[in-house]
Amino acid sequence: MIKVKIPQPLRNLTDGKDEVSLEGNEIGEILLELEKKYPGIKERLRDEEGKLRRFINIFVNGDDIRHLEGEATPVEERDEVSILPAIAGG
Amino acid sequence: MKKFRNLQCRECGRRFPAEAVYVCEYCFGPLEVIYDYGSIDISRDSILEGPLSLWRYKPLLPVHTDSPVTIGEGLTPLLRAGNLEKELGLKELYIKNDSVNPTFSFKDRVVTVAVSRARELGFDTVACASTGNLACSVAAYGKKAGLKTVVFIPADLEKGKVLGAGIYQPRLVGVRGDYDQVNRLCGELAGTFKWGFVNVNLRPYYAEGSKTLGFEVAEQLGFRAPRQVVVPMASGSLLTKIYKGLKEFEELGIIEEAGTRFFGAQASGADPIAEAVRKDEDIIRPVKVKTIAKSLAIGNPADGYYAWDVIKKSGGYAASVTDDEIVEGIKLLASTEGVFTETAGGVTVGVLKKLVENGKIDPELSVVIYITGNGLKTQEAVEKSVSKIEEIEPSLKSFKESCPWAV
Amino acid sequence: MKKFRNLQCRECGRRFPAEAVYVCEYCFGPLEVIYDYGSIDISRDSILEGPLSLWRYKPLLPVHTDSPVTIGEGLTPLLRAGNLEKELGLKELYIKNDSVNPTFSFKDRVVTVAVSRARELGFDTVACASTGNLACSVAAYGKKAGLKTVVFIPADLEKGKVLGAGIYQPRLVGVRGDYDQVNRLCGELAGTFKWGFVNVNLRPYYAEGSKTLGFEVAEQLGFRAPRQVVVPMASGSLLTKIYKGLKEFEELGIIEEAGTRFFGAQASGADPIAEAVRKDEDIIRPVKVKTIAKSLAIGNPADGYYAWDVIKKSGGYAASVTDDEIVEGIKLLASTEGVFTETAGGVTVGVLKKLVENGKIDPELSVVIYITGNGLKTQEAVEKSVSKIEEIEPSLKSFKESCPWAV
Amino acid sequence: MIKVKIPQPLRNLTDGKDEVSLEGNEIGEILLELEKKYPGIKERLRDEEGKLRRFINIFVNGDDIRHLEGEATPVEERDEVSILPAIAGG
């Protein structure tokens, strides 16, 4: 099982949970599980063409998946996946 | 009639009440304040009669209060840069010197707005995630506002910046991690504590403060827009808001439309927006940052798409410079125009030079460069680049012997 | 008709042509510019229409040129200090924040005048003797003016100040000795080289720049003089020139006569003027200086007699504060009003507090305090006085555990 | 003999010399010698009552005589006496 951190705006779809555990070997599979388990999440994460929205950032152990292999990025037990908005300056 | 009631998502257009909202709850897009321009009363005369601070533009800022939290921010000098013009072969160059704000960076513009709005929304605590300049500013304005003030910084931040924030006596929390992690933690805290985080849940108001860098430059040029501007980019917010400021002035008839071209400046080790412009791709690829320009070190810029868009549609361009070029930029500005800027300013000057050399900037048209921070805060970057001391004994004889150049 | 042609000795009244003259050749008294006020055209309207810098007062400054050497100095914020009013029990307190000048101290006011005059008199080199702030300013303005620039400092000056001057790339001469010795050497050099030393042979012009701190405060109060002012004193020149500025405005009908009371602030280890006021003696006894307020560390003040005289005849007073009180003053100003000043500003705030407590300052009447320099230049003085960092891991859990005050 | 440094404004009275050597055991005696040897100097250094003018500073080896014993300050061989104007800020 992989732990996925849920950002505040999506928690009303995860029964208020800020973390859920899901099965999968790649980010794409994890997201599919998430979308299945919590209806409504899919359209929040993806645009009409099914692409991840550009302000959605997904991190594996702190690394942006765009630095890795995108949705094909492999994940394994103990990895931590987070979904986060982009970073404002400071 | 209130001049604003709502925030709107720049991505999906959904509207939200003008409260402390993080991002669009639907698509994570950034939210922006929506004004009822018809109800806004502002003119050249009303501006000229206003206070000697950015609050002369209050009708276009997202607060209702008549007593904003102010320490005299804004209305910083716009300087004609005659020496640098000659050096670079430009006809009309100006420096907007924002290093002389109350806490010595342009962040005071956004923080005065955010803290004023925080008080108006009833918060009793203001906070932020920062790499330095924002920390100084929030600490100062939070105290001035009489609010509880909590500043989150990376625990290993340079001593000078810790001191520059800590002197105002805020709560100072050092997070063991990089700025990224500090920022993410603050995102979480904003959902847990009822605090106003200026660059998280108050970001829609905060960001509007940067428009004043567009307003002021136009006013100081005699109510006309510059033909070209060079703006440093971290999240990209500043550039998009200067654009918005000029557009608002144009639409309200305060200035003529000038077709200002926007040029973006980044540091080579943190230049995802400049990279997208160079490649002419509309995808901003996040990067892992590495640069001495710490105040610009954002690898995944929240407003990168919008900055890219302004640059492209205005006919501008973007470039980035190395650490060495940054230091050269700082020296060049100081030794020609007497303005001592921090590393971000070195980026801006270095990029100006590069864009003049490669012909992207038209030397015949006016240029304004935005200098956003103060050199006394990043002293370590230039330690090896200042004049060497020539040591002498306190006598005329020793002076003449040791300094043969003196005639 | 020229607005000035001569300098006059304040001691013996002898007149000299308005050139680069050291002191009265007869009696060593200081020289002052003599204006033909009848030929000077200045009014509230002409001021309000002037540039956003101290050059809006040009008719009352000792240069003829239409293109002074400027980097946007002056017109710094005058801030209503509501929090500090409550803290000290005052009714109407303002801070004149001169720490946000181009090189971050009030010295830019005097240097912009001196360097403009140097160029007008045909000098190709400007120079100065300095403990820090003046060095930064002369280096910046000399470069901006395109003149050769030579800055003399004690060889053991703090790193931050060497860097703050050296970044502009002047000739930087370190004299093995104290400020006294540096200054005496420059006195000798002024007789040997044809250079403009801003605080030696250009001193009559240089000093006039400080009048603008009187003009501006009056303008910013709506063209009225404050009832009480607190001014830091080193040589005493600043206080006497603020007095002169207000007097000129009164005599030209720009403001009403207000009988402003002048209060002088010194550091305990360098307080010969305050000591003379306390003892009610008209003799200023030189002292050996010892204080953390290095920019005020002058033991034998050149304008001490005149400062003393203004204080006495205006019904004011003077006081001095210890190193600890200086640091407390810096903290108090930062944590109440968000203004981070150098040690000299700590002296001013500390003396304000003392004079309110001992009843010398009337809490019912308006007070303006002059904050003349920037805290980033004297960081070592407050290193132990800033907020302690509370370190945490980047998690909500760690934050809640480590920071139980967060609610 | 004691060396006395002459400031620029007084050098037209000392034949242009920037340093003169004089006899004396106290500052007062040295000044008397100086005033005798170079007529005109006295009225430059002293007011009508014979007191040193307040902007005249006299140093013995860098120390202001007002920190020492005034005109009674003793001097001896190798001491250096300077006459200087007051110091402006910087």
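Should a chain be cited, it is by its letter among A, B, C and D, assigned in written order, with residues numbered from 1 in that chain.
Heads up, the rule we're going with is that a residue touches a chain if its C-beta (ideal position, glycine included) is under 8 Å from a C-beta of that chain, and two chains touch if they have at least 3 such contacts.
Keep in mind that what you see is a predicted model, and the values were worked out from it rather than measured.
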Computed distance of Cα centres, chain D from chain C, in Å: 32
Length of the line joining the C-alpha centres of chain A and chain C, rounded to whole Å: 58
Chain centre separation in whole Å, for chain D relative to chain A (CA means): 85
For chain C, residues contacting two or more additional chains: 181, 184, 188
Pairwise touch network: line, ring, star, complete, or other: line
Chains grouped in pairs wherever the two touch, ordered by label: A-B, B-C, C-D
Residue ranges of chain B in contact with chain C within the complex: 52-53, 70-72, 75-79, 83, 97, 100-104, 139-141, 143-144, 146, 150, 153, 155, 160, 162-177, 181-182, 184-185, 188-189, 192-193, 220, 330-331, 334-340, 374-377, 379, 382-383, 385-396, 399, 403, 405-407
Chain C-facing residues of chain D, complex: 7-9, 44, 53-57, 62, 64, 66-67, 82, 84-90
Chain D-facing residues of chain C, complex: 11, 22-30, 128-131, 134-135, 179-181, 183-184, 187-188, 191, 199-200, 203, 207, 234-235, 237-238, 284-288, 298-305
